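Labels run A, B, C, D and E following the written order; every chain starts at residue 1.
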Amino acid sequence: MTYDKNSKKIVDIIQNFARKHSLWILAYGTGCGAIEVPPTMTSRYDGERFGLRGAATPRQADVLLITGYLATKTLKRVIRTYEQMQSPKYVIGFGSCTINGGMYWDSYNTIKALDRYLPVDVYINGCMPRPESVISGFIKLQQLISEGKANGAEKYQKNLEWYRENQKKVIHNWKMPDYNW
Amino acid sequence: MREKETTIYLGPQHPGITGNMMVKLKVAGDTIVKAETHVGYLHRAFEKLMEQRTWTQSFPIVCRICVPEPDPNEENLARAIEEIEGREVPERAKYIRVMVLELARLATYGLWMGGQSGSMGLYTMPQWTIGDRDYILDLFEELTGGRVYHMYIWAGGVRRDLPEGFTDRVLKTLDYLENRLPDYDNLLFNNALFQKRAQGVGIIPKDKAIEWGVVGPPLRGSGIKHDVRIDEPYEVYDKLNFIVPTSDGCDVWSRALVRRQEYEQSISIIRQVIEKMPKGDYYNKIPNPLTWQVPPGEAYVKTESARGEFGYYVVSDGSIKPRRVHVRGPAYVHGVSLLEKILVGANIADVSFIMNSLGTCPPEIER
Amino acid sequence: MDINWLKVLGIIITPIIAFIVGVAYGGIVRNITARVQNRFGPPVVQNFWDIIKLYSKKTTVSHGWMHHLAPVFAITASVTTLYFIPVLRDSKLFANLSFSGDLIFLLYIMVFGSLGMALGVGQSGNPNAAIGVSRGLSMMVGYEIPFVLALVAIMIQFHTTSLNDLLAVQDKFTNWIIFQSPIAFIAAILAFLGMMGYAPFDVVIAPAEIASGPPSEFGGKYLGLMQTSRSIFTFAKLVLFTDIFLGGAGDFGTLIVKTFLLYMIPVLTGIVNPRFRTEQAIRFFWKWPTVFGVIAILAVVMKG
Amino acid sequence: MISIPVLLLLIFAAGLLAFIAHHTIPVLRDAIVIIAITIAGYIVWQLPGQTSNVNFSIGMFAINWGVTEYSQLFGLLIAVLSFFALIYSSAFMANKERLGYFYMNFMFSIGAMFGIVYSQDLISLFFFWEIMTWSSFMLTIYCCEEAQSVGLKYFIFSAIGAYSILTAIVIIYSGLGSLQLANIFANFGTMSIAAKLAVVILLITGFGVKSAMMPLHVWAPDAYKMSPAPYTAIFSGALSKMGIFGIGLVLFKLAAGQGFYPYVQEILAWIGALTALFSTFYAIFQTDAKKLLAYSSIGQLGYIITGLAIGTPLSITAALFLTIMHGIFKSMLFLSVGAVYYRTGTTNMNEVSGLIRKMPYTFFTALFGIITVAGIPPLGGFAGKWMLYESLIQSNHYFLVIVIFFASTAAFLYLYRFIFSMFLGQEEKETENVKEAPLRMIVPMLILAVSTLVFGVFPGLLLKPISGAMGYLGNFQHAWETSVLFNNWGSEIDLNTIVTSIGGVFIIAWILITVKGYRKNRYVTTKDIHTSGEVPTGNENLTYAIDFYKPFERALGSVLKPSVDKLYNYTGKLLEDSFEHLRYVYTGNGQTYAMYVMGFLLILFLFSELIFGVAL
Amino acid sequence: MHIQDCTENTCVDQIQKIFHTAEVEIQRKKRVKVKLRLDLVPLFLSYARDYLNFKHLAHISCVDWIEENEFELIFMLWSYEASLMIMVKTRVNREKPEFITLSHLWPQAETYEREIHEMYGINFKGNERLGEFILEDWEGVPPMRRDFDTIKYSKENFYQRPGREDAQDVRETISKHSGEEVPDFAKEFSIRRIEE
């Protein structure tokens, strides 16, 4: 399905509207940014107002929130988890360390640029980002969805080889099931 | 040949895990036969990075070691440097440090209450406590500029003085938190269901608690009165009045009770601190941070964090960079060897519950 | 063969109404929960967006044909249950197939969905899902006892197994069965708590323990169909209880009020309680609710 | 050519021929038995038209064989199940040893069952009963060495049953001077009350052994487990029904109308219900599929006994309906377990899993089996269970209905456990090369499976003959017409409303979910599951199998489990001990056994005056 | 001999009485530093645990003194009764680093040893769970050794996003690259405060 802004069908508009208003975040605290997710979701900032909700397993989730730096050990799990999610799926890079390594730029165990390994739809910067900026990141994602631009899953599928090459460069012992679709 | 028992991966991507770690469970039915903790998902090599940074640059790093409660890390590093260097800390800075540490403790207990009840499906409690914890973070934000990571406690004092009227706002927040306590009690601590689930679960016998190296509330929940604030008073804790609650149940319930009482104690400590806080310098100036050399030496300093004894072993070889900073987080023992032991025989429904009661925090296990 | 077109119409629109009401209830419940939790909560229509989103997922993972059929079993059970319950009293349109809406049949068809779901869940081979099923079926055995006891007490008291007869008995406010046999109502409502699956009886879908249990391998349209079925089933159960104990409803306004009030019982219990362990939940049902059920039967039998 | 002696002769001769053929021309063996059972089936089908009874006498005993509508019901069940079981066993047993022995005993027990149902006098009934016991005993010990002790246990219980029946026969003979069933039924009321009660209790005990009534069930799980799968199907499907057959006769032909009848009814009904309840609990915690099904079988027979004992027209209809359905679905289930055993070599549910893709038809059979057992519409079990509940409520047996309902709900647990462990769950390495069972095994299973659907949708097909059979038992015809089921939701022959609504919704939902984006379905293996982001290395066991119902076990915990367990262990140990002593007496040798029987009869004759006050 | 209330001084005396070769000093209040030969350490630790009542093993640490070609192992023991900590230090040869496990004395020592083994490559004989602990599929020099250069490693192995060398606002960099607007974080959300 192509998302041309001019030739959007009414079905697409409804579907995108529903997608936009129902973002289920996978319960995966990959890094220290996970500490700002509970405040975002709980009573003070109340992310549920925007349709955000936790999802327990990747099968049910829409958004993979990469909360901060990824150790290579975690990267492997994140890739596995991402591939188990069901399209359309979105990745939000959360915190400076997903953008350029942040304060761990010289660490031997963390990746420095998330979008080399997974298709990132939205980055939220800061170390760590305040709940307000997290929500603003989600609103940005919602905008992208309603415009039909948040198609990271298709990008990943199309450029799978490039992503795989990058992933294998970091994960030395690549023993993973294939991404079969 | 496949194994007889079923393998269940609790984590890293699991709603019941605290942080990013994995407990590989072998279960027969829903009883755990063997538990194996796997960590390293959050390894950022802090200790290696600190060897690359100057002493001042290390402060932003250490606070990221324990995400829920970063201040004991700063406190530890600052005290270690002060001990090696012999640097004096102004009295006011000590009081401010205690205030910050206790506020951090309150915030962590708020998070813990949320986690503990969230792990057994009481989702109203996290909504309340984490929302209320945010008011403490507001104070931090005003004081330090950061909600979570403060980088406030530095060698020689604290980074800046208290803003105008800050203590009043602290007191106001404390009043609010204290008024919320009856609500928490009604919802969680007086809830018969919580008692039913928590009693007799996750037992750490008293003698084993000593043998296994348990610290903090789990140790006090097993009836051993050990608290760094009393046994080895740092800053101004020896000038403050507070009790160290203990409980003899050895189970999740008694650990919860200990934390519940400490919550009140912390509020009272902060009030005392504000009352007794002297005027004066807040900072004993360090030399040019870029060429600041700490004389050769070593120090092991301890702080009582909300989850227990936080130890730092710092070695300086006289250069501008630390030779070695070794962090001993409380969860280091709780999360790996202790968890593996007390999960055996537990019900699968209680894994997350027990983990929360131990205050497992993976980033300080692997750093 | 003459086809009763009114009936056909009823058959078509009843599930749709049940779906809309059920999903809207879900949204309202999320809002009420949010208010208790000191926040605003999502819009009331949030659950509709969720379900539409699930249906519009582009890919769906399936583990085989039994997995594929699991939500079908679930929705079959919920829609059929609804069909055999008189939704409105004395209504031709909404009587559906409940010529003699029979309690025994309902007891049966209500568990059909659980078994079907369990079979589909089983094919995924996820141990968490299997644990969830094991918990769910055990719990079912738990709450069925007081529920059946309560229903049998009512059957004895009114000498009927038919819902329509029960509705006929409750012709005015004071004749509601909740007033006529309150003990049976207590037993039934406690079982009802377990049936609705809110805390403290949400052992089946315990996220922190078994990663959402049975649905953990379901996503996209499967999860969407399951949520649809859950909404319909919730509504069906509420209508059933309203019919049995609260005198049914003559019009939709009354029905909404009664079912909503009834729904608030498990919801509000759930908001302020943690969950039981499975064995604690089962024992709970085998303790007081069962005692109440037995008392209810004994009371009826003694009376004559 | 269509008469009972021909039928019996055919079966027994086929058994002997198969025995001989196995040693000379093995190919003929299967053909002989299948042809024989086919012809036998035809004969049974045609028998009611040939109403002539067969009378002859051997020595002092007058032998009388005849067909009633009641016996015809059972005769047809036996014929059909035996036919399918024999076709199945032609593939299942193909490479086994001692097949002559197997087929001979198989045929003998089929013949004996025919003999039992068509006997019109007690002597031939007892004679065939003993043949049945013997042949089934032989097949119980057929498989292996371990089966010896199991067989002995079975044999002891059978002997208890046999002696009970024999004693009853003696009492009847001493009281009435005739062993013709017709005479007995007519004149039973003239006997003394003590003798009548003794006869009823003894006969129910005797027949109850075969139908595994609760205190007498101990032999059943092990014997079912040890016998080869095709025979287990007969064992549970048809042979246990002989007990039901007998109990039916005793209740309605002998006990009915006597003063103690209501008490017998109540006690028997409760025994049946408790049998159902406890065997369900035991079934839940089994790890062997055949044992699980055996306990399930005991439980189902409990329902049937309860139904019979209640004695209202509707309950008897329900009981007989369940009898037929149980014959079908339990054969199906045992046959499907047999198919799994054939391919994997185990019936331990912890060892096999994920066979659904490898053995889809077997799974289909098992699925239909468990849905039928669970009594869920639209399959066959529904109408029977429904009528049972309704009759219990109508006859004010409220606590019975609760116990039975509880047992029935708890049955979901073991049914799910059974199908989950074997067919669902992870596909494991050990079962990688498993194929679907051969056609000769699949076809009988599938036909039986489809028949449950047919009888579920059109219960009238069964209810009509059952109604006839009930006409024989008493004046109970057309009882089912009083049921709500057929008044409100169906016609005389089908359950149109229920079936249409369930089927309709099911099919519509199925089409909707399948059509919508069917191509976008991504089919993945069972290894591709949510393992919290980890990738299992392959040695991990991801099947949740052992202690499946641990929470339930724990919940039962102090309430029920230990006490019942203790009781069971205690009685079990007591029995084991007594077997040790009995072993000296019963050597398992036919001649000694015959000698004992003769001795027992002699003693009875000699002391009858002392015991019964009547000289024989 | 069981010492209930040992202070710093009695503790030092006690240790020196038994371990003559040990260098014992009071570092500061509540800290006693003991330097020992490698082979005496297990003996000393079990002595301290059983006789001096230092029940709590707080810490095992390791420092790489690459200049002296030695690893330093540091054991921290705490006595609940005496509120006293002793720091036991010993040196291991860097070429063939070996020590024996303490997991029979303190179960949690196993975890510390696993980490030190992974990070420094010291082999603790008798510990069965040495192996992968924190790192996964690590090849080469144990990372905490001084001769492992983390900057070089990370530059070689990881893609470094250009533009992070000088201190600049990340937001501007992003917006420069993708041409998007700078995100407006000042957007108001209705958030409660205590004062209100």
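Keep in mind that, in the parts below, a residue touches a chain if its C-beta (ideal position, glycine included) is under 8 Å from a C-beta of that chain, and two chains touch if they have at least 3 such contacts.
Because the structure is predicted, anything quoted here is derived from the model rather than measured.
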| item | value |
| --- | --- |
| Partner chains that subunit B and subunit D have in common | A, C |
| Minimal step count in the chain contact network, subunit A to subunit E | 1 |
| Fewest touching-chain hops separating subunit D from subunit E | 2 |
| Reference subunit B; chain at largest CA-centroid distance | D |
| Farthest chain relative to subunit C (centres taken as mean CA coordinates) | E |
| Chain pair whose interface holds the most contacting C-beta pairs | C-D |
| Chain closest to the assembly centre - both centres taken as Cα means | C |
| Where subunit C and subunit D are represented by their mean Cα positions, the distance between them in whole Å | 36 |
| Distance from the mean Cα position of subunit B to that of subunit A, given in whole angstrom | 29 |
| Centre-to-centre distance between subunit C and subunit B (centres being mean Cα positions), rounded to whole Å | 44 |
| Inter-chain centre distance, subunit A versus subunit D - centres from mean C-alpha coordinates, in Å | 58 |
| Sequence positions of subunit D contacting 2 or more other chains | 522, 524, 527-528, 530, 532-534, 542-544, 548-551 |
| Sequence positions of subunit E contacting 2 or more other chains | 135-136, 143, 148, 150-151 |
| Set of subunit B residues in contact with two or more other chains | 6-7, 12-15, 27, 30, 40, 43, 45, 48-49, 52, 127-128, 131 |
| Pairs of chains satisfying the touch condition | A-B, A-C, A-D, A-E, B-C, B-D, B-E, C-D |
| For the subunit B and subunit A complex, residues of the former touching the latter | 12-15, 19-20, 40-45, 48-49, 52, 60-61, 64, 67-68, 111, 114, 126-128, 130-131, 133-134, 137, 147-149, 363 |
| Residue ranges of subunit A in contact with subunit D within the complex | 28, 57-59, 76-78, 80-81, 84, 175-177, 180-181 |
| For the subunit E and subunit A complex, residues of the former touching the latter | 135-137, 139, 143, 148, 150-151, 153-154, 157-161, 163-164, 170-171, 174, 183-185, 187, 189, 191-192 |
| Parts of subunit D lying in touch with subunit B, wherever the complex brings them together | 350, 428-430, 531-534, 536, 539-551, 553 |
| Residues of subunit A that touch subunit E when the two form their complex | 44-45, 72-73, 76, 96, 99-101, 105-113, 116, 123, 125, 130, 132-133, 135-137, 140, 166, 169-173 |
